[in-house]
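Each structure below is given as structure tokens.
Two complexes, one shared chain (chain A), two partners (chain B, chain C).
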Partner chain A sequence: MTPDFTFCTVQYDSGDWDSAPLVPANLIDSVARYTAITVAPTGVIVPLSSRDLFKYPLAYLTGHLPVRFSDLERRTLREYCARGGMLFVDDHNHDIDGVFHKTATEEIGRAVAPLKELPNSDPLYGSFFRFDDGPPATSHELNGWGDNLVHKQLMAVKTNDRISVLYSSKDYSSEWGFHPDNKRFLSIDNTKFGVNIVVYALTR
Partner chain B sequence: MPLRADATRQTIERVLRVAALGLVAFGLWRSLQPADSRTAIRIDSADLTAALPSLMLTSPRAIHVNFGTSPRPVDRDALLALSHAGTQVTWSSTSLQPLALASERLREPGGAVRITVAAVAPVELADEMAIIDSVVPTKNGSTVIAAEPSDTLRATEGRTVATVESGVAPLLHPVLVLGRASFEAKFIMAALEERGWVVDARLTVAPGANVTQGKLTALDTGHFSAVVALDTSLGVAGPQLARYVASGGGLVLLGDAASAAVVRALAPAHVGARTQGTTRDIPAKTPLDGLPLQALETLRTDAVRLGARAGKVTLAARREGAGRVLQVGYNETWRWRMQGGDDAVAAHRAWWSRLVASVAYAAEWPSAVGTSTSSDGTSAEGAPLARLYDAFGPAAAPSTVSTSSGGLPAWLLPLICMVLIAEWASRRLRGVR
Partner chain C sequence: MVDASYPVGGERMNVQERVERARRRLRAAEIATGILEALAVAGAVFVAMAMVDALLTLPLVIRMTAPPLAVIAAVARLSQRLARRRTGANAEDVALWIEARFPALRYALVTAVDPEYAGRVPEIEHNAGLVAFEPEVSRAAWRAVARPLIAVAIAASVLFLLPKGTVARVATARTGDALVALSLGRRTGNPLEPVVVYVAPPPYAAIATTVLDDPASVHAFVGSIITIDGRSVDDSTSTVVASVGSHDERITTSSGRWRLVFAMPVTTTAVRLRAGVHERLLVVEPIIDSIPIVTLTLPARDTIYRHPSGTVRLAADLSDDLGLASGTFEYIISSGSGENFTFKSGTMGATTFNGKVGALAVIFRLDSLSLQPGDILHLRAVARDRNNISGPGIGASETRTLRVARADEYDSVDVAAAPPPEPEKNALSQRMILLMTEALEKRRPKLNRSSLLGESQSIAAEQTRLRKRVGQIIFARLGEDNGAEESDSQLKPLNADSLLAAAARANTAKTGTEQEQQGDETPVVAINKPLLTAYNHMWQAATFLELGEPGAAVPWMKKALDALQVARAAERIYLRGKSRAVVVDVERARLQGKDKGSPALRTPRETLDPTRAARLTRFDAALKLALTMPSAAADSLLLLRMELIGRDDTASRDLETAANAIRSGKNATSALIRARRTLVGGVEHRNAIAPWGTIP
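Moving on to the complex of A and B:
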């Protein structure tokens, strides 16, 4: 049986695309734990310049370093979003003055469209678990690391009223970067918002 | 004593003599009747509209119309009324060509109209605003899809003009999508919404947990035009589907949805085992070849096969009560949109919209086929030449208009002669002078 969902990490030529290697396994575990969605037990890594990206309508991109897409990567991302794919980008620096944020937002603007603030009433926040106050804060925000801000909203590019690029400055890559077995030590599972992103991508 | 046979023959001869005298009396009566003073008229169609008011008053004995162009329906109907009132109406034409035009509103949002043309020469299609297309005739007619044409459609073939009304767009309700959360659900909903459908959905994410979109009111034709069932997770709506379809609703069964117990009796076929696409990728020209398939097996006797791939049935449909059920064997059609050729997004969108439209319930679905009446009551005529044949019979040469003005019927004199000869012969054969 073909799984409903396969976690896809995007590999791009510049920067450190593999800075959060534990996130895929953790989110795969959460999707399997909370939902009946059939999920592939392991994720895949797909170059942004590859046509294979189109096999995975939800893809995850992160990093700390400057992001500079090649022309082919830019074209591929533009087409990916136009066809209905959704790219989730997370700033692993949690720093809006950092190089990843500045370059990644610029590249997204060039490749797809400028990012805009996503209202906290968006269906994303109620697609499975309810987040009435918008995106959940991360421990990195609350501890004053990075830009020392608690970002109240995520940013997004929408195509036909559907999110095609979701951008986070909250550093979920650090928040979710632990072995799934360690969820048992958490009073509240902080990966639940990741499940919302997956469910949103499968239903909107 | 006369023979019995002679007595019989004498009786017959008396009858014949009385008949001959009766016929002569009839002839005398007819010849004394006043002659029909009405005239026979030949007229060109260009003058017909202006002449009809006076013709209706004088009621001529015969009219022959030479049609240089397609007649206006009101003129043709006036001629037909004269014909019923006793005027002999004949017609001829060297200009009119066989031409038929029909239009049908598609059950899709956006007001698109399917125009069908049958002709023997190239035809120009237009609406009130501009030329829509030109059509080269084919054996089985030609079809053009026009997006939102104006009210009146016109086909011109030489000097023959056919017109029909495009009709009023049908009233469509939302489409309900049922099944598990999946990329297939996402992309079907996206395709339908991008084509203008309103989509409600109930998608199962976990036991007891659904993602919903829309109001999800009662499942009936007053709220939903069609239901798309993605798989066997039909939820609370499943048991209502049979009643919904029987009352006129449309149902699209995708993949193994037809295996669900609540819809198995409605499905056109059984669901076969899943096989991969016949190509590794999604070919740009034949994208469906690259999709996984659950072939439709053991079609019901009342099911219609609508598509096949490599000998396996991919699409089938059947009627259930007042509704229709369409079964689709393809799986993961979202791959077509994501991995197909340059036009894949639009093609996937159009394909899904057509599938839903083919079963959708429309509260109003007026169609303009053949002849209809335009807003001014004068111009809608889908097949002008055929309507002439229907009203007045085949075309006739002008000389066939009867110039007889009354008097004795042509059969009278021969009949009198035959009666008299028979009476005379009978007498002579039995030896009486």
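Moving on to the complex of A and C:
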């Protein structure tokens, strides 16, 4: 049976796209743990320049290093968003003065559209679990790492009233970067917001 | 002596001089007639064009043909007149012309001017000189000039009597002259028709001002100064007011004109003009100033340096649609790994430009950047255009990365802990079995048949066990069940050929996109072929051992051992940079979460068809107004067009064409048909349909 959802990690030519290898497994586990969505047990890695990207409604992109898309990557991303895909970009540096933030936001602006602040009342925060205060804070933010800020909002590009690019400076890549078997040691599962992202991408 | 001279104009002339004087007068009259006729023809062309324009409002392109057409007609008439050989060509012709009007001369005048008889017969010249033909010559000259002179006067009178500006519309036709003079068909009390729009691009664009006659929409660079001129009417209820978007704008009035001036906004905006009961809409659309195009030509590709030394040459080509302002190379040096990165950035080779194209070139020493092993140098070229209104537009090239290798980076290979490779363990066992067999063969002369057979079959069992273990490795690498040999052996004999066939199947199987299958695989056969050979030879050896023939088994066993050695020496391939994929036990985790989701209720989005239907309804409503209130119909179409800009460019263009046609009183049928067809939507061709999600 073809699963409803396969987690897709985006591989881009520049930067360390594979800096958070455990996030896919963790979110796959969470999707299975909380929803009835049939999910593939492993994720896939798809080059941003490949049209295979169009097979996946949600794509995850992260890294620490400067992000520079090639023309083909830019075109593919633009078409991906126009076709209804959702790209979730997370700054693994958790630093708005960092090079990932500066270059990734610039590239997203060139490829799709400039990012804007996403209101905390957006349907994303109620697509499965309710997050009345907006995006959950990460331990990295609360510990004052990176830019020493607790970001109150995420940023997004909306296409036809739907999020086509979701951008986070909160470093969920570090927050969710643990083996899913260790989830049992957490009193509160911090990956639930990831379920919201997946459900939103599949249902909007 | 006969005096042949005759007093003419206070001086005495002989008959030849009088005829020459008559010839010159007639020739002058001929030329004057030609010129006057040419003027009359040119005037007639202007009169005809002006009258037709006054009645039908000719397009600018036809009106602009009036002056050259008039000149061509005049020159043609003058050439025709001068080329025609008539009176005044020479003295004989003039003499004959005079003789025809004075028969009493009896050819005396012709004879007198004939060079052969001139001066030789004074009596004839005397008689010819007695006739005063000069008054008749003068009358004839005036008669010839009078007719075209009257024609010129009539043409001039008509041109003078035509309504003011009518002649100017054809004599000096130019873009933007809609307000200079109005055709009769457009002389209404509506001060909003026609209008002339002047578009002055921002200074940085260095583009001349353009003039548009009565446009429905205006395309201009952001920041352009848009000037809309109209004709004031003497009616206090027709004062013009204007709004650009949601802002009211001030209208100035002078010399019978009203004028609206505003700066081009950054978004498509409707300019609404009102004057009493009249209303008009003008859509202004911004032209986006393209960002510079930057191509990094050197370095040509990403590179890894063993030592960060030497020179690096950078080169980039830049271009912009309006003009470049500056360009530079930017670099970022990232150091560190894992979660700890530090960055350093800077620029080099900053250059200013004046033209639309430019080039950047820099040579720098890697040593100057103090790069350390593991550092990555990111390089790109950046250009800025001269846009000081909405910019500057910044264009950047692709980024090249130059990495400095770490001394220990080959230790970072992710190699999972594993037991010793199977082929080596098998080889030892095979060597032991071979030694046992050789020893049995040495003892063979001392053994009876039953003992030999028993020991030989015992070794054969060991050989078979070893063969099965090799088979397990082969089957595991072929991606089939480990127990395939056992299950298959019940059904059909297994040999090297069938295993090669299985290997081929595994090689040609369609590879998926699963994470664990992403890496490049060395072809299965290339890896397994020595093992397959060993497997086959072991089979043969075991067969001989089962028959109690250890000597015959030894060569096969040696071949099997050699094959295992080859397999042992095979190249090992370690995949770099690929972490082991975590396979989630989805079924174990299924719905084990302590929390339950409570998705918020969703508001269904508006489907596509109602939107399209709503647009069609508006289009049809505008269509109904086209005959009775064309201006309102054009405004409605323009408003509809504004909604479609950026969403449906084809429909947007068709609606603009239709609105322009309606506004200028032309036949808009074909444009309206095209626009409606586009709005209804036909069969849409797509390369492929997305396998999931909504139809965009």
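By our rule, the second predicted complex is superposed on the first by the 204 of 204 C-alpha atoms of A that agree within 3 Å, B and C clash if a C-alpha of one lies under 4 Å from a C-alpha of the other, contacts with A are read in each partner's own complex, and residues count from 1 in each chain.
Just so we're on the same page, contacts are C-beta pairs under 8 Å (C-beta built on N, C-alpha and C of every residue); 3 or more make two chains touch, one makes a residue touch a chain.
It should be emphasised that the depicted structure is a prediction, and the values quoted were computed from it without experimental measurement.
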Superposition on chain A - do chain B and chain C clash or fit: clash
First (chain B), second (chain C), both or neither touched by A:85: both
Contacts of A:57 with chain B and chain C, given as first, second, both or neither: both
Touching partner for A:25 - first (chain B), second (chain C), both, neither: second
First (chain B), second (chain C), both or neither touched by A:180: second
Chain A residues touched - chain C or chain B, whichever exceeds: C
Which superposed partner A:35 touches (first chain B, second chain C, both, neither): both
Touching partner for A:128 - first (chain B), second (chain C), both, neither: both
Superposed model, chain C segment overlapping chain B, candidates 241-249, 331-339 or 601-609: 601-609
Those residues of chain A which chain B touches in one complex and chain C touches in the other: 34-36, 54-55, 57, 82-85, 127-128, 160, 199, 203
Chain B - residues contacting chain A, complex: 180-183, 185-187, 189-190, 193-194, 201, 203-207, 209, 211, 213, 292, 332, 334-335, 337-339, 344-345
Residue numbers on chain C that touch chain A, as the complex places them: 332, 334, 339, 341, 343, 345, 376, 378, 380, 398-399, 401, 513-516, 518, 577, 579, 581-587, 589-600, 602, 605, 690-694, 696
Chain A residues touching chain B - in the complex, by the definition given at the top: 2, 4-5, 34-37, 51, 54-55, 57, 82-85, 127-128, 160, 162, 199, 201-204
Chain A - residues contacting chain C, complex: 14, 18, 21-22, 24-25, 28-30, 32-36, 39-46, 52, 54-55, 57, 64-66, 68, 70-71, 82-85, 93, 98-99, 123, 126-130, 160-161, 174, 179-180, 189, 192, 195, 199, 203
